[in-house]
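You will see subunit A twice below: alongside subunit B first, and alongside subunit C after that.
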Partner chain A sequence: MKFFLWVAFIHSLLAITPEEILKKVDKNLNFSSAIMNIKMEIYLPDKSVRIKKFKTWISGNNSYVEFLNKEDKHVRYLKIGKRMWIYDKEEENTFLISGHLLKQSMMGSDISYEDILETEQIYTNYDVKLIGEENLRERSCYVILLTAKVKEVNYFKRKMWIDKEQFFPLKEEIYAKNDKLLKTFEYLEIEFYKDKVYPTKSVVSDKLKIGTKTVVIIEEAIFDVEISSYYFTRRYLER
Partner chain B sequence: MAYRNIKRNKRRTLLAIVSVGLSVMFIVILQGLVNGMMENIIKNSTKNETGHIKITTIDYSKQNFSSVNHIIYEPDEVVKHILKDNYISKHIEIITERIKFPVMLNNKGKNKTGICIAGDIYKEKQLLMLDKCMIEGEYLKGETIIKNRKKYREIIIGEKLAKALDLKIGDSFSLMIHGVDFGIHIPGFYIRGIFKTNLNILDENVFMINLQDAKYILNTNGGTHEILVMLKKPQEAKKIASYINNYLFQKSNYKNLIALDWETTNGWVKMMKQALRIYNLIYIGITFLGAFIITNIILMIVLERKKEIGILKSMGFKKWQILLIFTLEGVILGAVGSISGALCGVLVSWPLSIYGIDFSSSMSNMNYPMDNVIKWSIDFTNVLFSVLLGVGVSLVVSIIPSRHAARMQPTEALRSI
Partner chain C sequence: MFILRLFFILLFPYLIFLQDRNFEISGHFLNSFGFLYFEDVEISSNNFYLGRSAFRVNFIKKKEFLKIDGSIDFNFLYGFYKNFFQHLNNTLKITEDSILAIDIRKLYIVLKYRFLDLYIGRQLLKFGEGYILNPLNLFSGIDFSEKTFTRVGVDAFRSKLQISNMGYLEGIFVSKVNVKKSGYVLKFISSIFGWDISFIGCYREELDWLSFGFSYKGDIVGGLYGEMLYNYAVEPTKRFYNFLVGFDYSFYQKILLRLEYAYNSFDINNFSRNEISFLPNFPFLSKHYFISQVTIFSNLIDNITFLILHEITSKKNFIIFSYKKSIFSNVELSSTLRYSNRDFFGFEFDTVCFLIDIILKF
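Presenting the complex of A and B:
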């Protein structure tokens, strides 16, 4: 009997905590800087697919985006920390996205501006619980439930399926306070860069809309490159 | 005989006439108000919202909100095609394009949802008629304004909306708008004028821009949301909308379009029509209350004239003849009361139909497409209806006591001598 108690005690010491899992995920996903070419496919019911292409320069919590597709070529985004500006070159007008506008969908996709602006490590604002282990797309996963402990978060409840081997989220479901499913993020394809991993194909689906989804594909990516801080200025945005 | 009996007790007769007359007068006045409100709502909601006929895409017509994505492409061609048909064109007074989309406005930290209406600034002078409601600044000129080397599109804005956002003439602000292509556009707007229509639905929520500006900022490729048709005879809207639907359906390019008449699309009219049914019940109720005195009077008369009834019956008068005498007495009282009541009602409603009554204080927070000053509407069909209702109800309420007289046995009646 004593032996079993000792085994259980040692096992509990060795077992990974949900906070540790999320820290590993954060470490895995965060690059100091990156330049990426991204394609966004927006699927709407009874409509042809809308394709948006953009190039983004990321450094820490800052990013700068230029659209490449013809109809949005006049649009640029600048994100500095938790603030985001849009610049319309045709109208020569800059707009700060704030308040209720953060909840709006970005370019008609299933992604909202506040999804993009989330920069903090999520486990600091959530109570984290490991609720089990499941197989997802033939990968063994930790299932983690995050419940908001502060009001200043975008979503009240999140459920994440994290690959046990790669420490990479394969799926995330987002719920409202009344347990209504709001959104799902699925990371379908991944690639490795040095000791890190990044999703090359992900699908976001806003469950409050009917029959919509947005597929985000990273077509090209360069990591840990030096990017001039000039990219992340209003002057560069409005040039 | 019935007529002679009426003259016997003049005070009692007058009481019955006044009672029926008052109820009919009240109905005529109430009808005038309700019809005035209905006409006002129809006038405002058709010219501001639905037109007499609204042509949109089928998808747009199914939306509860104005989605920017459902566009009629090449609306000029659609209009030309419609006007090519002689039958349709001879009924049309105005045909124009309109774009309508919801926006979230913000200025100096103040937020307010609003509706942008974009129309042909010249044709809209006959529809929205905002040029007649400018309280500050000017109506749209169709110009682009350059201020501090920046391009602005001119707008006119509702007085209450401008106040809520602390906007004044000459101020400018920007909006983030998702276009038809899901692209983002951030146009700058310059306030050319402030309007006050006394319609809260417009003054609190609407700002108007030039149609061409809306097409550009929404990237509609020349497309529009709605084609509004105003007819010479609005009552023919259903018939003509159905004709336009068949006509458009013959051309494959226009199979995604639908023409809807104002009675089908206008939620306010549907609501008012439902309310009218309830009002009709109220009118009947009021008439019964007014005419109920006739039952009492006839019953009193029957009891007073038992002797006469007995003599008439002994002389060979049939049941139906006795019934007719007393019923006719009630009907005459009702008819005189109804006609005089209706005349009084028209006399009271007539000045109200010219000057109206200002309900601004009670309607200041309501978002109905209804002017604050409501003018009565006198419709002679409705006046006739009130008279007939008065007479009809008087007939009904006279039958019960008259039947009592008709059923009386001659011996029993004569015994009361």
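Presenting the complex of A and C:
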């Protein structure tokens, strides 16, 4: 009996904690800088797919976005920390997207502005619990439940399926306080860059909308490149 | 007429040529038709046909130290539009029933060097945060014939000096060539404690007026924004201030509510006819205005907007209801119903206007 208790004790010492899992995920996903060409396919019920393309420059918590598809070519975004501005080139007008407006959908997709604004390491703002292990798309995963411990988070509850080998989230479900499913993120294809990993194809589905989904495809990406701080200025946004 | 046809036939190959020369070309074709109704006892018919075919071409060429940016509208106007705009000097008679109005909205070059940008030419100058009533917006007035409240370009020289990542200082000289209003402006923009703020100081030559103002935008429960302008004139009766406060809030990620209140302290009886057109918020010259706008974005495809601009003292209204449907990524269909009480835009009658637009972006 004593032997089994010792084995259980040693196993608990060796077992990875949910916080450590998330730290590894954060380490895996966070690049110091990146330049990416992204395609967004927006699927709406009974409508032809709408395609948006943009190029983004990311450095730390800041990013700058220029849309490339013809009909949205006049739109640019600038995100500095938790604040975001939209510039309409056609009318030469800059708007601050503040607080509650961040919940609006970005360009009619299933992604909200606050989804792309999340910059903090998530384990700092959530209570983290390992609730099990499951197989998802033939990969063995940790299932982790995050419950908000501070008010200043986008979502109250999140459930993540994390690849045990790569420490990469394969799926995430977002819930409201009343346990209503709000959104799902699925990371379908990944690629490796040095010791890191990033999703090249993901699907976001806003469950408050009926029958919609947005497929996000990273078509080109360069990481850890030097990006001039000039990109992350209002002057550059309005140029 | 032949020359005009030739011009449009040659325009497209020329745009393709420009695109090959690394000019980014974009724009739209718009076809709009509808009717205008007003009750005038002195005329036999109160319904007027409104027709417009428009072609907008935007072009940009970017180099490391230089940028050329332009946007030109070619508007073929029929029916009441033709009668209303034919006296303008940018119009050309096409047939007995139609005119062509050419509007250069933007045409400027930007010289870029380190922390300084110089903008020279016709450009849109938007100051302040207001949507329609915009006391700080002293130069680029709103084009009310456009339902999107687009602004009119002004000929100006502008220098922009970066002072922080979110802040810059601008010195602007506005020429009176196309807006008959010239002036010198100093503008400072920054972001402090999560709020966007701006300060402007302006000297307006024709009137010998000095104007000072500020604007802000931030977040308290919902978005809170506003602007204020004080005008100093030598004659004490011509000194006045204007302000605007606005609030916006988003519900269920689908509904956007915007509320604005604007106040003008001036008495228009103290100003000459010429001076009135220089007043901030022109043509909204009453004391108090209230704006409420509700926009419903049920999805990427459908968009419904209801706007009411209420003049509080005389209880007059300007109301817009519009529905926009995205048929394809680059094709939109929209219908708009506009109602305005007499005297709101200088019309002597209550007017109702209904328009259907189809727009193809390229």
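One rule holds for everything that comes next: the second predicted complex is superposed on the first by the 239 of 239 C-alpha atoms of A that agree within 3 Å, B and C clash if a C-alpha of one lies under 4 Å from a C-alpha of the other, contacts with A are read in each partner's own complex, and residues count from 1 in each chain.
Rule of thumb we're sticking to: a contact is a pair of C-beta atoms (placed from the backbone, for glycine too) under 8 Å apart; a residue touches a chain by one contact, two chains touch by 3 or more.
Here the structure is a predicted model, which is why all the values come from computation and not from measurement.
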item	value
Subunit A as common anchor, with subunit B and subunit C clashing or fitting	clash
First (subunit B), second (subunit C), both or neither touched by A:Arg83	second
Subunit B versus subunit C as contact partner of A:Val75, first or second or both or neither	first
First, second, both or neither for A:Thr200, with subunit B first and subunit C second	neither
Which of subunit B and subunit C A:Asn37 touches, first, second, both or neither	neither
Partner chain(s) touched by A:Thr184 [first = subunit B, second = subunit C, both, neither]	neither
Which superposed partner A:Ser112 touches (first subunit B, second subunit C, both, neither)	second
Superposed model, subunit A: greater residue contact from subunit B or subunit C	C
Steric overlap of subunit C with subunit B in the superposed model, located at which of 132-140, 168-176, 186-194 or 204-212	132-140
Footprint overlap on subunit A, where subunit B in one structure and subunit C in the other make contact	42, 47, 50, 71, 90-93, 99-101, 107-109
Of subunit C, residues touching subunit A in the complex	24, 26, 58, 67, 71, 106, 110, 112, 117, 123-124, 126, 150-151, 160, 162, 165-168, 189, 191, 194, 196, 217-219, 221-223, 248-250, 252-253, 256, 297, 299-301, 326, 328-330, 361-362
Contact set on subunit A toward subunit C in their complex	42, 44, 47-48, 50-51, 69-71, 73-74, 80, 83, 90-93, 96, 98-101, 103-105, 107-109, 112, 208-209, 212, 229, 232-235, 239
Residue numbers on subunit A that touch subunit B, as the complex places them	42, 46-47, 50, 52, 71-72, 75, 86-88, 90-95, 97, 99-101, 107-109
Residues of subunit B that touch subunit A when the two form their complex	59, 69, 104, 106, 111, 150-151, 174, 176, 178, 181-188, 217, 219
